[in-house]
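Paired with chain B in one complex and with chain C in the other, chain A is shared by the two complexes that follow.
This part shows the complex of A and B:
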């Protein structure tokens, strides 16, 4: 084994990890604020990728305006996701919300299969030069992916910590009743939370096509990986999800290279189970 | 104590009579009778998942993994060692129960509720990965074929009709067993933890021990259902451990009605028949299925069976019981104390 191979896998891991980060951040945000497991989060990412394919390939938009449009539309769709599949069920058990979001993911996944078919679709990348750094091949599209992910996560972090909306959001997550008592419109916070989460999910989708192709089946594996990240980080802990997402992406790539490609996804879950045994609240969770 | 037969048993009994007669009058061809067997297999799996959801008030996202595991155990014993499926029907629940004991011990010591859901999802995906990749043992993606059917005194239970009545009898036995279990000391203990874990502990219920045992029991039951599947459809593959079946069992329980014995049985019938009727719509059927599911959850969040029970009660001049609607602490304004 050579350093080049390790370097290449580190880079590949960074690409995957960046996707995991914004995917898991959205999942974790929804869980942290609303105590809702959004089973359709993976399909929102998938829709982001598929819609991007449609607006670039069929409508003829360039990548950047297309991606911006898709993320915007999907963010607004987050409002509908909340109003149709989450909000009506909040009075019931938490399980009912799982089922309603499962139903949504059913509709989105199978609807997409009807519309686009199951084959992978490539999207025209804005630029795709290959740069050689040492022995490691780095694509410019990949650099864009990593850069946008970091920007998005920083944006989310600043929004949560430095804006009034962010403070209200965190307050709602900490204590729903308390937040209502001090006059926070928690309904609006729930709407915003799903709008932001849905936008992040779609952003993951439009970024994925920079390094791989769009297919209606990309949502479910991503959702499962997202859960592993969220639980290792500590449920509802967005900052932790960022660190763990990167860690998981990189170590998964190294594991795939040096141990076994077959058990890559299994690896994530072994990590998850070990963390749970040693630290059930997650690495960054508080008791 | 009341001596009148509860509405649930009337409805359930009616359901069974209808079920027992349908293959003779309605489902007369082999294919349709196969659907009836599938209804029973899903019903058993649903009943076991409902033991976790309805009685424990918890949720396992890895339940299909135990189902598939049971199927593999029984199939493997029959194929590799030539062991009779009857032993397999016993070995599958024992094996699934033991694994359930281990995983329940790991997961239930610390996690509850949604955390438990994701932890069990993790175990489930891990099991699925192993089934997919451990080719020498599991047969890899294509699984194992030619699983033998059970035979009784040299007569193979091969026909759909025979297998249907055979499994219907088992289903009846399982429903009876579950109804006894619910009212037993153990069952009441489990129920009390569901209602209020701290309170249950304070009166001496060993909460984690009860929960781990109850979880293991549910895993054993679903493992049995898996063995029923393996010896009827005569193949096993890694998909049996995957999320698709997990969703099916979830639909069976929640559409049928959580925390009711007959709910999952009805839910299973609804699921199998509706998805069969929608087959004509080809690829659109899953889209429509999702919409139907959403509507059912929206208008009957307690499930179809409790809704029917309420109708029956109202016809007799009684009041709604409301089914098993446990507010998950979502709205503290309505439910001080959260745990109900």
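This part shows the complex of A and C:
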């Protein structure tokens, strides 16, 4: 094996890992704050990609304004996701909320298949030079993807740890009744949490098209991978999800190259099962 | 200051409060005592807007609050230290206090409140950087009270603050509650520990199976056969 091949797979893994990171961060945020497993998170990412296709290819916007518009609209849609599929079912069994988000996921997936068809759609990239670093081929669009993912995750982290809204969000996640009794408007916190998570999911979607194409089917496999990341990290641990997302992306690429492409997705699950056997609360989970 | 009139509250189909009426005049320290399951916690959670009454009225400083949401009720000046303390366990003592004052915009004002909290609870300033989940039971209770005080409420609801604490800490807590009351804070104290409650409160209500069965001056309530038998074991 040559170093070039390893380097290339590290880069590919970094691209995938960055997407996993930003995807899992949103999934983990919703669970950590609201104890809600959002089965429609993958479809929100898919919608981000498909809507970007529509606004660039059909409406004619350039990539950047199109992506900004899509992320903004999808963030606002997060409010509806909360009010329609989550909030009415809180206080019932957790299973009910899971089912209602599964229902949302089906509606979005099948609706998208009707609107866009199942074929992959390419989106015009803002720039697409290929540079060679050592023996590794790196695209500028890929660099943009990695940079934006890390900026977004850093932004989320700083918001949660350094702003009053972020601290109130963490407090609500740690003790809902305690938060209500000191006067935190937890309804507003839940709304914002899904707004942020939905925006992050859509951001993943508009970034994915920088390295592959948009298709209505991209959400489901991403959700499965996202769960593996979130579970290995420890449910609700956003910082842990970042580390694990990157690790999974990179080692998955190396596994695909050197062990078996065929069992590539299986690899993530084997990692998940081993971690759960050794540490049921996940790597960074408490208790 | 707080007027509760003919309150009926149910969990689903099971009614647990029946026509409860309680009055807390401004500046006073009023206690509600009652055995396990009498409905004391239910009463306080209803006042705070966490539970919705089926019927009855709750007014605070002359205005009805029974249709307000919890954060609006806190905004009116009503603090609540819940039975389970309900702290933010992964946050530090300092962050818990900061959350208690989340509505305070000015940094100076926040500092002033923090200093005041540490004056009442010096122990907490020693533990400022420790995670709340790692505090002892007594420290957690102090933090829960201090956190509620950070909002500078005019009325404080206290749900069994003495539960599970050593007698010496209970005495200390009683001192603090009396001190807060002397500084002008109106207090509604719920207790199973009738000794503590009757020692420091001027007015007392006795609850049994969701009803108020006795009320009046603490001394009169102390005299009543019912209380002597049921709660004091004399």
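By definition in this document, the second predicted complex is superposed on the first by the 287 of 287 C-alpha atoms of A that agree within 3 Å, B and C clash if a C-alpha of one lies under 4 Å from a C-alpha of the other, contacts with A are read in each partner's own complex, and residues count from 1 in each chain.
Everything that follows uses one rule, which is that a residue touches a chain if its C-beta (ideal position, glycine included) is under 8 Å from a C-beta of that chain, and two chains touch if they have at least 3 such contacts.
Small disclaimer: the values here were computed from a predicted structure and weren't measured.
Engineer: Considering only the touch criterion stated at the top, classify A:98 as touching first (chain B), second (chain C), both, or neither.
Structural biologist: First partner only.
Engineer: Using the touch definition from the top, say if A:177 reaches chain B (first), chain C (second), both or neither.
Structural biologist: both
Engineer: Pick one for A:168: touches chain B only (first), chain C only (second), both, or neither.
Structural biologist: second
Engineer: Tell me which partner A:72 touches in the superposition: chain B (first), chain C (second), both or neither.
Structural biologist: A:72: touches no partner chain.
Engineer: Quick one: classify A:185 as touching chain B (first), chain C (second), both or neither.
Structural biologist: Touch partner of A:185: chain C, not chain B.
Engineer: Where does A:62 make contact in the superposed view: on chain B (first), on chain C (second), on both, or on neither?
Structural biologist: neither
Engineer: Applying the document's definition of touch, where does A:130 land relative to chain B and chain C: first, second, both, or neither?
Structural biologist: Neither partner.
Engineer: Comparing chain C with chain B, which touches more residues belonging to chain A?
Structural biologist: It is B that touches the greater number of chain A residues.
Engineer: Thinking of the overlay built on chain A, is A:151 touched by chain B (first), by chain C (second), by both, or by neither?
Structural biologist: Neither partner.
Engineer: Which chain A residues are contacted by chain C in one complex and by chain B in the other?
Structural biologist: In the superposed arrangement, which is not itself an observed complex, chain A uses residues 177, 180 for both chain B and chain C.
Engineer: In their shared complex, at which residues does chain A touch chain C?
Structural biologist: Residues 164, 167-168, 170-171, 174-175, 177-187, 286 of chain A touch chain C in their complex.
Engineer: Where on chain C does chain A make contact in their complex?
Structural biologist: Against chain A, the touching part of chain C is residues 48, 50, 69-71, 73-75, 80, 82, 84-91, 95, 98-100, 102-103, 147-148, 150-151.
Engineer: Quick check: in the complex, which residue numbers of chain B touch chain A?
Structural biologist: Touching chain A: residues 53, 59, 106-107, 109-111, 113-115, 117-119, 121-123, 125-126, 129-130, 133, 243, 247, 250-251, 254, 258, 283-284, 286-287, 289-291, 293-294, 297-298, 301, 325-334 of chain B.
Engineer: Residue numbers of chain A touching chain B in their complex, please.
Structural biologist: These residues of chain A touch chain B: 31, 35, 37, 84-85, 88-96, 98-100, 102-107, 109-111, 113-114, 176-177, 180, 220, 224, 227-228, 230-231, 235, 262-263, 265-266, 269-270, 272-273, 276-277, 280-281.
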